[in-house]
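Below you'll find a set of structures to go through.
Same chain, two partners: chain A is paired with chain B first, then with chain C.
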Partner chain A sequence: MKAKHKKLLARTGATVLITLILLFVSVPSVVVIMSAFNSTAILSFPPQDLSLRWFERAVTYRDFQRGFINGLIVTAWTSGIALVIGTALAYAIDRFQFRGKDLLETILLSPLVIPHFTIGLGVLMLASQVSMRGSFATVILAQVILVLPFVLRSVYVSLRNLDRRYELAAASLGASPLQVLLRVDLPLLLPGMFGGWLFAAILSFNEFSAALFVTSHATQTLPVAMYTYVREYTDPTMAAISTIFIVTTSITLVLANRFLGLRKVLAIEESK
Partner chain B sequence: MTKRQIQFLFVIPAVFVAFLLVASLFSILQFSVREHVPGSLVVGGFTLDNFGRVLRPVYASVLRTTMELALSTALLTLVLSYPLAYALARVPSKAIQSLILIISITPLFTGDIVRTYAWLIVLGNNGFVNSTLMALGIIERPLQLMYTQLGVTLALVQYSIPVMVMVLTTAIAHIDRNYEKAAASLGAGPVRVFLKVTLPLSTPGIIAGVITIFAWTLSAFATPQLIGGGKVMMLSNMVYLVGFSSFDFPFAAVLSLIGLVVSIALLVAMNWSSRRVEKMGLH
Partner chain C sequence: MMLDSTTCTATAPSVSAKHAVRLDGIGKSFGDVTALRDVWLKINHGEFLTLLGPSGCGKTTLLNMLAGFLTPDTGEVFIGNDCVTEMPPHQRDIGLVFQNYALFPHMSVAENVAFGLKMRKIPREEIRRRVAEALENVRLGAFGDRKPRALSGGQQQRVALARALVIRPRLLLLDESLSALDKNLRSDMQVELKEIQRRVGITTIFVTHDQGEALSLSDRIAVMAHGEIQQLSTPAEMYRSPANSFVASFIGDINQIGGMVERIEGEEALLVLGANNLRLAVPLSRCQGVKAGDGIRLFVRPEHLRLTQEGGQLRGILRARSYQGTHVEAFLDVDGADLVRVRLNRPGLAEALSQGAELGLDIDAAECLVFPQEDKQP
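Now for the complex of A and B:
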């Protein structure tokens, strides 16, 4: 009886603890969503009257609109390029032996530890030497460098889990290496590729630190426009646009979890 | 196409990106040894004076604040993430697992600005924490949470939890559960099994997690920029200030190099410690 009591106590304690930690993580988002519906320009808790005026202002504000379009352009290019380069390299690393393989992998994974502002500053300095400061190409280069490790990891995990016997079967039936690649490997790798692409796209669209260094006014992405807004105004327009971000991101994550299995995509576990 | 041609085709684009990344970092090095010409973006001749400036008290104190924040964030994040990771690895219910996973990793994907803005509303003088405490009559005047190290740390911890949870969950999920079963069958209670078996066996994950978050925090920019408000400054904020307010790119380059060197040192430390842990037979 005593052991049972102890176990119950440990379990209740753990549940309370985990709930409190999850509250700490989610309270800021909840507070933002609450204040987005506040009718007055001055924030107060709880909100006095509800209103949608800040959402209206957020979606009609010129800099946000332009930032959104720029963000879509940058994100589309970045995630596409990173997907192609990352998938090809993950495949090459898994299947081929070539000189400098470890070095290449180390360099391309290094943005996981190198501060974003360092990469931003480096790309800015490189771009200014060839007079490409603030161009879309420069912004996209910085973003590709930052998101490539995520695509690489996601595809690499799928490759490790791929059953090589399918390839052998296809080859023994006369398929050329290219046919094996396109007809057997590619379809099997699609879920991992999609997961990697999705995270590259989300991270690129939301990336701020490096973007602040490399964008100009003409190419600034949404997070940079939002940063400028926070520094100039204090009204809840920011809360409204943040709410749109939070809701969109959460829905995407729930869907990714439902259809792809987040743990696999995040490489938390390698499925057997 | 032969296998060799496929291989060439697959590796070349990645080599190109790697080359541009190395060239970018090399540009920083190049700028760091050039003279700053005040009021101009064009840099002057070769000089090593920029490196000497790092030792001035104002920059030394920024470095100290950066290290303090990185260390306290890493440790606090570890304490808060471990229970989540443990639950993720061990709770049998898939629904509860998904709930914990989605809530704890959402901050990673909403982006720096949204997350930091949220903390501005939580910590501000008219913010959520102060309004709530004043309404409850616990405090009479608002607590100063903005522009303090405490405020910056809280926001950085929330930003770091997703990454720490991912690292720790992987480590805990890899522990052979037979050790825990053996300890339990020998009469150890759940708390004791955790403290004497699970916790020590997850050491590699703990070390990797703390080092990763330390590096992760060094990379933080938006959070100290907005919540620190110029009063709590990290290396990244100083780089931005020096680079974009006084356009002193050579010195901004020197400061970034410090960030780069510390990150590389951390990476080396991580490799070294994981090899050591392997040798000790813990994993």
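Now for the complex of A and C:
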């Protein structure tokens, strides 16, 4: 009886705690989303009247439109390049022995060690040397460096989970090493590659601190355009565009989860 | 032309190979571990050969050499007339079935079976026909569109077999291929595997550490230990005349009793056995390298002991008995031996016995085996 009591108490406690954490985490987003529907021009909470005028302004504002297009361009290139390099590196790290492998592995598999703005600053200084400041190439270079670890990690985990006996079976059936790679490895790694790519795309599209250093007015991405906007105006347009951001990202993740499983997408499946 | 030379030169194709597979002095080490030590082996065309041995004795290593996944440190591998020691796996024409089947999860059953044919650039129409035929052959004609994970273990096993056989390989390799199946399914699959193998007539090397499986399936068995082949012979010969004490205790149930050779007299060795100095004359043909005065171990199978109420060559106390359906096994505590296992074919007698009863044992001396005390026990 007593044990049962304890169990119930623990379960209730856990539920309350989880609810609190979820609330705590989502409060800022909720505040922003609600103020986006405010009719007055002051960025305030709670909203007075409901209106969609800030959404309208957000989608018609020139800099945001350009930022959105720029963001798509940068994201497409970044995630694509990161996917190719990340997959190749993951394969090399998993399959081959070479000098400096451990160091490479440590650096590439642990993102978060180097702050984004450091990378932004570094790339900016390099770009200035070759007079490529503010070009798309520069922005993309910085972003690839940032998102590479995520793609790499995702593909690497998939590779570790790949049963080598599939490859041996294919070889015994007459598949050359290249055919094994294309017909067995690649299809089996596809979910991990897609997950890594998606993660890279979302990160790149949302990335701000590095982008702030390396973009020019012509190449600025949406987060940078938003920052510039905030420095000049304080109206709920910002909240509206943030809301669009949140909704789009959520839908993407939900869809990815639906078709692939979030565990795979985020590559939190550890090797067996 | 010397067919038995150990150099890696292909024989002229016109000369048909004497053996389907030939291993000439294969050795392989991983760091300090010697996985294979100077293995010589010849396998006949169409033969079903089983590699049997305890875990870590080098069975998989040997198979991997035939498949081309490993290159030997020393020696040469021949398949038919070809020296394949350095040939990569995809050129070897070998069918392979793993313990976990390794069916490609992203392909349907039919695509799995078609894979090897596609790699061989066979026309699509012929692929379709041969895949259907192969699936029919393993009684899975209706399952072509399924994904492997939608099949039971036994069905997956048969798909793996069909996938390996459809390419008409020169050699079929099976590594513990039945070990993942439960007991009933396993004996069904044994029968089916053997039947298919005979029908196709393909040379087969089968790896297992289940001696029952080895005895029932094989034309010949190679018992391995510590990277060496201990004995290569037919199941019946292996069971009746094991080459050393390791093989004797590895194949089937067997009792051991320590003793010594008193003297050799004509065609018989006179032994003194156990704590009670039982005297027993064993034919010399059943003794391996022993001489007068040597310490020995006598090996005798449970079915070659006869239980008696009175008398008997050995006396012992009944400690346990277990009912086995077709027979009863009794365990007797005999001085100078571990628990002695006796097989009783008349369950009536066993029931009359009570635990703790003192009983006699008669030994069928003609079926005993005698090995030196110091015989290597790998």
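Criterion: the second predicted complex is superposed on the first by the 257 of 272 C-alpha atoms of A that agree within 3 Å, B and C clash if a C-alpha of one lies under 4 Å from a C-alpha of the other, contacts with A are read in each partner's own complex, and residues count from 1 in each chain.
In this section, contacts are C-beta pairs under 8 Å (C-beta built on N, C-alpha and C of every residue); 3 or more make two chains touch, one makes a residue touch a chain.
Because the structure is predicted, anything quoted here is derived from the model rather than measured.
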| item | value |
| --- | --- |
| Combined model on chain A where chain B meets chain C, clash or fit | fit |
| First (chain B), second (chain C), both or neither touched by A:Ala169 | second |
| Which of chain B and chain C A:Ala14 touches, first, second, both or neither | first |
| Touching partner for A:Val123 - first (chain B), second (chain C), both, neither | first |
| Partner touching more residues of chain A, whether chain B or chain C | B |
| First (chain B), second (chain C), both or neither touched by A:Val184 | second |
| First (chain B), second (chain C), both or neither touched by A:Ser35 | first |
| Which superposed partner A:Met238 touches (first chain B, second chain C, both, neither) | first |
| Chain B versus chain C as contact partner of A:Ala88, first or second or both or neither | first |
| Included angle at chain A between vectors to chain C and chain B, based on C-alpha centres and rounded to the nearest 10 degrees | 100 |
| Distance in angstrom between the closest Cα atoms of chain C and chain B, superposition on A | 12 |
| Intersection of the chain A residues that touch chain B with those that touch chain C | 176-177 |
| Chain A residues within the chain C interface of the complex | 163, 165-166, 168-177, 179, 183-184, 187-188 |
| Residue ranges of chain B touching chain A (in the complex, touch as defined) | 1-3, 6-7, 9-11, 13-15, 17-18, 20-25, 27-28, 30-31, 41, 80, 83-84, 87-88, 98, 100-107, 109-115, 117-122, 124, 126-128, 131-132, 135, 158, 161, 166, 169-170, 173, 189-191, 212, 215, 218-219, 221-222, 226, 235-236, 239-240, 243, 249, 252-253, 256, 259-260, 263-264, 266-267 |
| Residue ranges of chain A touching chain B (in the complex, touch as defined) | 3, 6-7, 10, 14, 17-18, 21-22, 24-29, 31-32, 35, 42-45, 84-86, 88-89, 91-92, 96, 98, 104, 107-108, 110-111, 113-119, 121-123, 125-126, 128-129, 141, 144-145, 148, 176-178, 181, 199, 202-203, 205-209, 212-213, 223, 226-227, 230, 238-239, 242, 245-246, 249-250, 252-254, 257, 262-263, 266-269 |
| Touching residues (chain side chain C, partner chain A) in the complex | 67-69, 88-96, 98, 100, 102, 104-106, 115-116, 119-120, 163-164, 167 |
